[in-house]
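Read through the structure below, which is laid out as structure tokens, and then see the notes.
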Amino acid sequence: MSDNSIRIGILGASGYTGAETIRLLADHPMAQIAWLTADRNAGKPISALFPHLAHLPLPHLSTYDEADTAGVDSIFCCLPHGLTQETVAGLPEGPKIIDLSADFRMRDPAAYERIYGKPHIAQALQQEAVYGLSEQYRDAIASARLVANPGCYTTTSELPLVPLLKERLISTSNIIIDAKSGVSGAGRSAKEGSLHTEVSEGLHAYGVATHRHAPEIDQCLSDFAADPVTVSFTPHLVPMNRGILATIYVSLEHDVTVDDLQSTLERAYADCPFVDVLPMRSLPATRHVRGSNRCLISVHPDRVEGRAILLSVTDNLVKAASGQAIQNMNIMLGLDETMGLRQVPVFP
Amino acid sequence: MSDNSIRIGILGASGYTGAETIRLLADHPMAQIAWLTADRNAGKPISALFPHLAHLPLPHLSTYDEADTAGVDSIFCCLPHGLTQETVAGLPEGPKIIDLSADFRMRDPAAYERIYGKPHIAQALQQEAVYGLSEQYRDAIASARLVANPGCYTTTSELPLVPLLKERLISTSNIIIDAKSGVSGAGRSAKEGSLHTEVSEGLHAYGVATHRHAPEIDQCLSDFAADPVTVSFTPHLVPMNRGILATIYVSLEHDVTVDDLQSTLERAYADCPFVDVLPMRSLPATRHVRGSNRCLISVHPDRVEGRAILLSVTDNLVKAASGQAIQNMNIMLGLDETMGLRQVPVFP
Amino acid sequence: MSDNSIRIGILGASGYTGAETIRLLADHPMAQIAWLTADRNAGKPISALFPHLAHLPLPHLSTYDEADTAGVDSIFCCLPHGLTQETVAGLPEGPKIIDLSADFRMRDPAAYERIYGKPHIAQALQQEAVYGLSEQYRDAIASARLVANPGCYTTTSELPLVPLLKERLISTSNIIIDAKSGVSGAGRSAKEGSLHTEVSEGLHAYGVATHRHAPEIDQCLSDFAADPVTVSFTPHLVPMNRGILATIYVSLEHDVTVDDLQSTLERAYADCPFVDVLPMRSLPATRHVRGSNRCLISVHPDRVEGRAILLSVTDNLVKAASGQAIQNMNIMLGLDETMGLRQVPVFP
Amino acid sequence: MSDNSIRIGILGASGYTGAETIRLLADHPMAQIAWLTADRNAGKPISALFPHLAHLPLPHLSTYDEADTAGVDSIFCCLPHGLTQETVAGLPEGPKIIDLSADFRMRDPAAYERIYGKPHIAQALQQEAVYGLSEQYRDAIASARLVANPGCYTTTSELPLVPLLKERLISTSNIIIDAKSGVSGAGRSAKEGSLHTEVSEGLHAYGVATHRHAPEIDQCLSDFAADPVTVSFTPHLVPMNRGILATIYVSLEHDVTVDDLQSTLERAYADCPFVDVLPMRSLPATRHVRGSNRCLISVHPDRVEGRAILLSVTDNLVKAASGQAIQNMNIMLGLDETMGLRQVPVFP
């Protein structure tokens, strides 16, 4: 089964999503990593950056220029925002590209410029890119050359909401997403705000009403809703490394019950191996998905009439980043969607 | 100034709120602890339970029966819910009583029974008890014999909301409180769900729409609002020991702006030494109040028109428990409200 | 390859080592779990105790009496100390048994009684049991019916020391093991000392000079040393869930250099897929092995002449518990030693 | 009592030791902070860097040039290593100076150069500086103008060892210090190795046999021992913010018993308000001293004949940094040693 017939390149292997993509691909029976780029660390083994990967048979890190970009079947782009557009624009035609940055997620050039403060420099590709929320855009992903892998908060928030908006079960005008993330979402760059001393034994909100994932969520939800959606969205930094929990407050449409939400979600994800709709009133925890490509969702009646609460958890580095990226690659290459993604959550 | 003229007894000194009350009282220039009860540990020094208090000059733990309840000026009751009613009912007339349990918070016997599953056994006292949210019930507290110290989630949620409801600035029908707490709120009893392995490196919601603090919040807010209030309330368990953050989503009444919220809150707490209304869009963190009796509040405009987001943080063991209890004692005894409560937050 | 031809039973599936054994076996291409016992939780699905395992195709929990102990190829015994002796004594002849408790680790009945305070009740089996430090007792394990899986501190301490004692490179009389463990080593039982509040943001030693793993280490090291060994051993509880680090201080024998230690260890583990001897002066971290069956070892010259420092890290639930147990099963059944144990460490 | 008659300046208020000095001085009845320097943040309020100090009445941050260095009674120097020498050399004659950096700890210019890789540029001051281990150099501190405040590992290690070496109870040739520290010891600078993701849920040793605190410990111990001392010293980074635990392995001199160690330590610290020698076999935890100026010490017999184990804990930012600095200021100014340092440990 392990025929190594799919050659893979990773751009930007020195960050956490790069490392996590490598970790997961080590379990992929058909994948062979052909090259790993990390310009500032070119020439070093991956173990110089990530000792936990030392025992894997991997090529040394190389520069982008050294990478045989045409000689691979698939490229994972784990570069920082902004830098990515130009790089992707320069890639050859053949390989399937999964971009884990935010650069190709917004479809509208004006929206991109408003959010990121400068014009997009690869607008044709921006139009071409398919949004990679695997379970909801599967057909488009299957025929895409370039997939824009969704953000971590966005994946976790969109999965429970899309089916409910599709079926017109909840109001589009009163969706409140209170999201909580572990620290790895901030990446490996050395910032005061990510220090252990500044994060552990405490909690705070940030980017209140201004976070860049909010318009991304709006765009995705609006794809499926009757009307354009604008969500309230507040991210929080939790003293843990991995995991995202979205607590979502919704208003039910007339005559809709929480049982309708439950059954609709169960139906929507019945055939999706990575999304589990738990029995009503369940309490999913991020630790139940740690290290795995799973998303757990539950529905709760609110104590306020006509409202409901949705809970959704993922591992922000797996289902909400590198795992979904590999899932998308599998879809793009016509493979079994779960290939390489059967890791059991690590608890405790 | 250290005249030790106020004699104090603590019922239930073996839990975290008992220990925290002792820690804070060690800084109180007029307080002298006369007795500490802990029935199962009677006869032991406090250091047998809490080595961090070993160096303080404290009486040994005693049984309730041994405690000279009539010979003190003030009694802090740190006993578990349920047990407290009977104990408080048996206390003599003289001392001021501050009850840190939930037993006397709900004023309505029917509501109490509905929430706690059995009738209240000291209903006269239940009516007499004053709700101890210091800044909002100060006058009533000043003349009370029995104060029901508010819960931790409730203190943190009520402080930002009361002034806005008083002034009719926000809708009573769409208040959503997404609250996050450290683990010490669950007390020191050995429960699987409070183990380090079950709490650290993860996050989950619990008591969704069913937590007992929700009706307590309703009762307090309704005291000040135009109409009865029913809040949406979701608590979460965060892998930290101390701290509560409430993220509160509110709808503005017609013609009200977020600036109105800001100025109203600033005015409301201008003379309150422990409540700081931060500049608009500030990001208070629980670590900024750790170990102190402070509450930090900030106002944020939401990205959805007509809505705003309030952030409020406390140390759940101090302002939201033992610190507020001492603040209430100071008010009841006519002392400076800040006496013994000037601890600077401990960070990092 | 996934032929499910090896039928497996797990006794005591409600604890962390039980759950971890299940997690790892899910990756084993030949293993099929036939039954899982948990007497107090019989009848429930494993997800009732461990939601992170919910998606695996597993039998419901059963009582011991319901388990078809004769119908399996291998039994993992994850029961508490003391209880295990009687249970193992009652097992049928056929299946290979790997006991993860301490009950069969000490070979000498008198030593067992001294340490555990009561006589061993299955002394014949105690003699028969083979100590399961895979890399050092591989031949005996291969032909054993009953393997006593080593303790977590012991595995981590013995792997670096055994080759050095075998080759007479270090003194037997001055071995100091300062060991640090995560909290999962204390199991899932609800104990005050394992609460998040009592563990996080702090550190302490425990069982100083009295821990039960010390005589186990003595016994193993003495198997390979010129003289009986008595180690100094101090365990510490670190606020993390997984991982053990042993910092070991040794005195070099006459004319021995740290380079000799390095080369001896490299040679000893050259063919061992799970033990990596890092370049001299490396700094292994427990996070580099988290979730994996790996042990990392490094050698450091001390600043004191004639002394050296060894560092050794494992995941206490994998290489130092369930992983090594599966490794031993593989050896006992003549399978590839790494089968089911290729999990890449999860970092961060 | 709060007469504010002691004017204080703090050089380098933007780091953790600066902030901690401010926190503690807020409780000092005679201290008034006259200025705080932080060159890159001059003009800002301290709350811009440390929101937890926002409510204190403090001057804004200034540049060094703006600080009235001659107009204060005492100066705390919280600048980085290296930079400090020149700054201290430029200070006027009057004020008492407590330097929290490592610059004046080593007395021997050659040793300094060997350790820090460049010559000391203020060697006269280096000779003049008194080592500030308060309990052991109290008389010299009382008459000093410049005190070199000890390092965090060193304070914690030296306090239990000095009395035993003074009394010739332990061998000078076999002292092994295995020390574990929280992350705040690494300061607030943004380094990859101090990120939450790189520290939490894991453990590692660093600076094995090469850490700069080892020669500092040697120097101090040699001051009191019969012979020059060279210790084995291994620091470890523990996923917590505050706290140091030193586990120290010693060999008893002929005819010495662990009871001798115990009684000698008890006698040595009988009159020291901040050092508690616990009953033999006690298990001090860093959480028992968190936020306080306390050091807890215990003695354990080893299981190896003729050896003993010492445990010592401090809060690395208080007794092992800012607290001891204030204690030294009190001694230098002839005040009660405990003034401003009566904070009760914060637990949990």
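Should a chain be cited, it is by its letter among A, B, C and D, assigned in written order, with residues numbered from 1 in that chain.
Note that contacts are C-beta pairs under 8 Å (C-beta built on N, C-alpha and C of every residue); 3 or more make two chains touch, one makes a residue touch a chain.
Values in this document were obtained by computation on a predicted structure and should not be read as measured data.
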For this session: Moving only from a chain to one it touches, give the least number of moves from subunit B to subunit D.
Result: 1
Exercise. Hey, which pair has more contacts between C-betas, B-C or A-B?
Worked result: A-B
For this session: Can you check how far apart subunit A and subunit C are, centre to centre, with Cα atoms defining each centre and the answer in Å?
Result: 36
Seminar exercise, completed: For the pair subunit A and subunit B, the C-alpha centroid-to-centroid distance in angstrom is 39
Problem set entry | Chain centre separation in whole Å, for subunit C relative to subunit B (CA means) | 45
Exercise. Tell me, which residues of subunit B touch at least two other chains?
Worked result: 16, 184, 197-198, 200-201, 239-242, 284-285, 287, 290, 348
For this session: Spell out the residues on subunit B that touch subunit A in their complex, using ranges where they run on.
Result: 173-174, 176, 178, 180, 182, 197-198, 200-206, 208-210, 214, 230-234, 236, 238-243, 245, 247, 249, 281, 283-287, 290, 300-304, 307, 309, 311, 313, 348
For this session: Spell out the part of subunit D that touches subunit A in their complex, as residue ranges.
Result: 16, 183-184, 188-192, 194-201, 239-241
For this session: Please name which positions on subunit A make contact with subunit C in the complex.
Result: 1, 16, 19, 23, 26-27, 50-56, 184, 200-201, 241-242, 276, 284-285, 287-292, 294, 296, 342-348
